[in-house]
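The structure under discussion appears below in the form of structure tokens.
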Amino acid sequence: MDQLQLLTWARGNGLNLALTIFVLGVIWRLIEIYGLGRKPDLSAPRDVPGASGWHTIFRRSVPPPGMFKTSPVSYLGGYVFHVGLAVVVFLFAPHIELIKNLLGVAWPGLPSQMVDFITVVTMAALVVVLIDRITKPVKRFLSTFGDWFTWALTFLPLLTGWLAVHHLLLPYTLMLALHILSVELLLICLPFTKLFHAFTAFGSRWYNGTVNGHKGVPV
Amino acid sequence: MKNSTNLATGVVASLQAAGISRRDFLGFCATLAAAYSLPATAAKTIAAALEKAARPSVIWMSFQECTGCSEALTRSHTPTIESLILETISLDYHHTLQAASGEAAEKAREQAMHDNYGKYLLVVDGSIPLGNAGFSTIAGVSNYDMLMETAKGAAAVIAVGTCATYGGLPAAQPNPTGAVGVNQLIKDKPVVNVPGCPPIPVVITGVLAHFLTFGKLPELDALGRPKVFYGESIHDRCYRRPFYDQGKFAKTFDDAGARDGWCLFELGCKGPVTNNACATTKWNGGVSFPIQSGHGCIGCSEPNFWDAGGFYKALSAPAQPLKVGAGVTAAAAAVGVAVTFLNRGKKSAAKAAHETTSLDDLEK
Amino acid sequence: MSASLDKGVRVLKEIIDAPIASYFSSCVHCGLCAEACLFYTETGDPKYTPIHKLEPLRRIYDQEYTLLGRLAKLVGLSKPVTDAELAEWQELVYNSCTLCGRCSVVCPVGNDIAYMVRKIREGMSASGNAPDGLKGAVTRTVNIGSPMGIKLPAVKAQMKHVEADYGIAIPLDQEGAEYLVMLSSMEIINFPEYLGAIAKIMRHAGKTWTLCSEAFEATNAGMQIGNSDLARVIVKRIVDGAEKLKVKTVISPECGHAYTALRWEGANLIGRPFGFKVQHIIEVLEEFRLAGLLKTEGMETDRLTFHDPCQLARRGGVIQPQRNLMAMIAKDFHEMPDAGFMNWCCGGGGGASAIEEGEELRLEAFKKKKSQLDAVKPKRLVTACANCRIVIEEGLEHYQMNVPVVGLTETIAEHLPDSVGNE
Amino acid sequence: MTISNDKEFKAALTKLDDGERRRVATLLVQQVFDLSGDPRVKGGLELAGRADVGSAELAVAAAGVNTARVESYTQCGRDTDWAAQASHFVARAAQECVRPVVDLAAAWEAAMQARMARMCKTLTAGEGTDNREAEAQYQTLDAFLKAKGSGS
């Protein structure tokens, strides 16, 4: 199999396989998690504006009072790499083209050079959060194989994509194939690792906001 | 064209006979020097070498092909220097071009092989079918047998066109004839791949000129291609590249973006994964190349380009219609519901087995 | 003597629900919850990271309720939870967690960690791994009626004392009163002034109220130890008492977890909504204030600050009323850093103060409160939880700080005119 | 005149000056001191009982008494030992005696907390209702007033 064939496989059967597992995994895991249900709260609710699951879904994206200065690296690094990932994934024209092909929806992209810059910043942020994970006692204490593995899963698509665009290390075609394959690996692993927080974080925030919102606490 | 003889006629003389000035010839040499990354003074060296070069014997064999490669080389709108290089070689066998036919033609080939054993160049266009010897024969001889026999005495083999290099169209899925390229069969001597459908004429002549000038083949990359012509992707040298960098893409072939010359990536241009010199040397004497004409690169010089997901599909788009559909969703839901059913059962069982805690139950 | 690992695991299987599944699936090990926990910030020991305190529960969830976890368990790839492990976790689940819920409001993915600690305690208690101090407290509550062993005669003696002190009669078992006033053991034992203050306030506001001889104790050690069966027994007494006396509102005393037990867990424990209202005394005071029934006289002139009990504020939703009340009587009021919603726990909530072996850790964690107080340097500290009050007083004593601690209710009462009694 | 209820008791306290009130309060607390035995409380009471006590001395004593008070708290959820709790109220009552100024409220509080101490003690044996401390306090104040009256 030559490079173009590998690329074509990655764009064809590979993508098919990865998306199949991804869709399968996401739906299965979501049902598995939320199918457990919860008991209704029989206590009399306290109605306070702003105290609800929906509010918390959004509000929790902002650091609670005092937290930013205790962990600036976690917050800054986290913001930069999450926003950066979102920009790179959803605003790079070739990626939009993929989404258009998959879902039939499209939107304007950003200039490729800007995406290139954001990719570098995002990778830098990921390296910073990795160093933070290694050096901070709490993070290191909590870290399992899954944490290192998912870091790599997130970093590789950025790195291979960036290397491909810049024709570094390997021929573009091969690097592009590796880039797509790394994304496919990410898709396959996402439902079964902590990366699934991309879906459940919203559910978790909603539950937290709802349970505490019932008490009139806008968390 | 005539059945060439082995007479050593000066290149310049023959060029002049064809109405091409020495100035034009030197210009051609300068182009080659630049292509090979040689200093400007090398143009003179090339010119001198070409002037003195003996006319080497060349055997050109066409297998499963469309003659497009030969056409590209010879049927230029106006006679070009590329086509005239052919005048400088002793093209001893080319069954499309040669006057002789039948036994006489085959005899010419055998004669050339015999006379120049170990020194002649073998140029091949077209792929070789391995599925059945009868799929493609010349004078009753299978392509495979003829290639192997002729290659034996060749100094080097130049595979011209994507069919000869990688199998090309005949090898496209499902490859009914079992077509392969030359370098999959010839392992014991240098094989230069000059892919393209067709290859850029100046690249073909450039390889020949290099051989004539320096007596050896140009430096090749991992795919056997001359690095000088295939070292960079079309995307990298494309004049529309700034639009790619700015994120300006034509969405259809006739929209405002297309008219303004925006990048054709989203229309399926394969420039990024295609290594060739189209964007720099261009075609027809530097007039244009596909992207300049408003059509994306189809990647014709890359292996398996026929099967690379469609000419009009962006590189980042799925190469084939995806099959993730209702079936997968239903299966996923089934797994989820099954697990949930088990989970609920487990939870209920735990609840049913719950013995109300009394104070004693706090102690082990 | 029947607690066992099996029972504990079974209970954990029973309590795992969709929120818990979602929370565990969302955790990215960012460790931010540690920064919100005073047991980590003051010791620097990563084992006090809140989410880590739930590790046994996480494994049970994974092994029992996820398909991949089930498969891993089937082929022996995952480590089962052991009794020794649960015993080891006792310190993390009880001594070093006050259910203050700070972690729950900082978690970026939205995990309500305190919710889960409350739940894992169900399994810990069922497996016999609850601390002795809490076992004693819950045993006394169920058998005697109070976690501190107080019986009705002690309450009656205190009523008598307060009647003499304040010159106001204390109603007992008066059917049809508007308010049923609950007490915490702490108030019966250590702070008789609370009952006096209530008497004064109710007289001032012109409200009818009563104590209940069958349900005077508001605290719920069953909830603290994390056993819903026992918590139900305890809360049922109050429900029965309130229904028997046909009161409109039950007032939870100045005690944080009693409020949570009654206001938020109560109806869920007995499995039906209450027919009466539950309010913390601070909410009642705020209602009186808004209705113009609270006419205070004079202002405190010394520098004051307020400590928000976690269960009242962050976990209970009562944050502004105490400030409105302070504004009525305090001229020189200053907020501590992080006060209100993000206030730091005293270090002794959620049953922690009943655990003797946790005392050293508690004093270590108190450094957080100390630094908050150092930032304000108040002359006095006002709070609304008897347990906070004692834990803080002990901490202040340990760190040789001279800041008297008083309850808000009694402070308000002091500013009410002595219209009838004491003459 | 003899004091027979809290109203008269309070009225009598009102008429005293701060120094006298300190000494009366101290006498009332010393009456229940046998329920404590804490040396810091003892020392504080001895100091407060002196007519010529200085404010610096009082401050030192107050710190010691406060420590005794906090240490003797029964913590939330712990089993109550009423005898120990009596000692807590003795310390709390004593705290009123070592204040810089013993006003009416402080003297009253000292008396009330002393009664709480006695009440706790009676709870160890009985039902806490056989508390005669109030009467004992009336007598003590009577005696103090008589001595004061004969002295002046």
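Read from first to last, the chains carry the letters A, B, C and D; within each, the first residue is number 1.
Assume a contact is a pair of C-beta atoms (placed from the backbone, for glycine too) under 8 Å apart; a residue touches a chain by one contact, two chains touch by 3 or more.
Small disclaimer: the values here were computed from a predicted structure and weren't measured.
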Geometric centre: closest chain by C-alpha means | A
Quick one: chain B and chain D, Cα centre-to-centre, how many Å?
-> 106
Could you grab the centroid distance between chain B and chain C? Build each centroid from C-alpha atoms only and quote it in angstrom.
-> 77
Can you give the whole-Å distance between the Cα centres of chain A and chain D?
-> 68
Mind checking the centre-to-centre distance between chain A and chain B? Centres are C-alpha means, answer in whole Å.
-> 39
Residues within chain B bordering two or more other chains = 335, 339, 343, 347
Among the residues of chain A, which are close enough to touch at least two other chains?
-> 28-29, 32, 35-37
Those chain pairs that satisfy the touch definition = A-B, A-C, B-C, C-D
Hey, which residues of chain C end up touching chain A in the complex?
-> 16-23, 25-32, 34-36, 40, 44, 46-47, 49, 51-52, 65-68, 104-112, 115, 263-268, 271-274, 277-278, 314-317, 337-338, 341-342
State the interface residues of chain C toward chain B in the complex, per the touch definition above.
-> 1-4, 7, 10-11, 13-14, 16, 64-67, 70, 83, 125-130, 135, 138-139, 142-143, 225, 227, 229-230
Given the complex, residues on chain C that touch chain D span 133-134, 136-137, 140, 147-150, 153-154, 156-158, 160-161, 164-165, 167, 184-186, 189-190, 192, 219, 221, 224, 348, 351, 353-354, 356, 386-387, 390-391, 393-394, 396-397, 402, 422-423
State the interface residues of chain B toward chain A in the complex, per the touch definition above.
-> 166, 223, 233, 235-236, 244-247, 249, 265-266, 272-273, 275, 299, 302-305, 307-309, 313-320, 322-324, 328-329, 331-333, 335-337, 339-340, 343-344, 347
Along chain A, where are the residues that touch chain B in the complex?
-> 2-5, 7-9, 11-13, 15-16, 19-20, 23-32, 35-37, 93-95, 97-98, 100-102, 108-115, 167, 171-173, 176
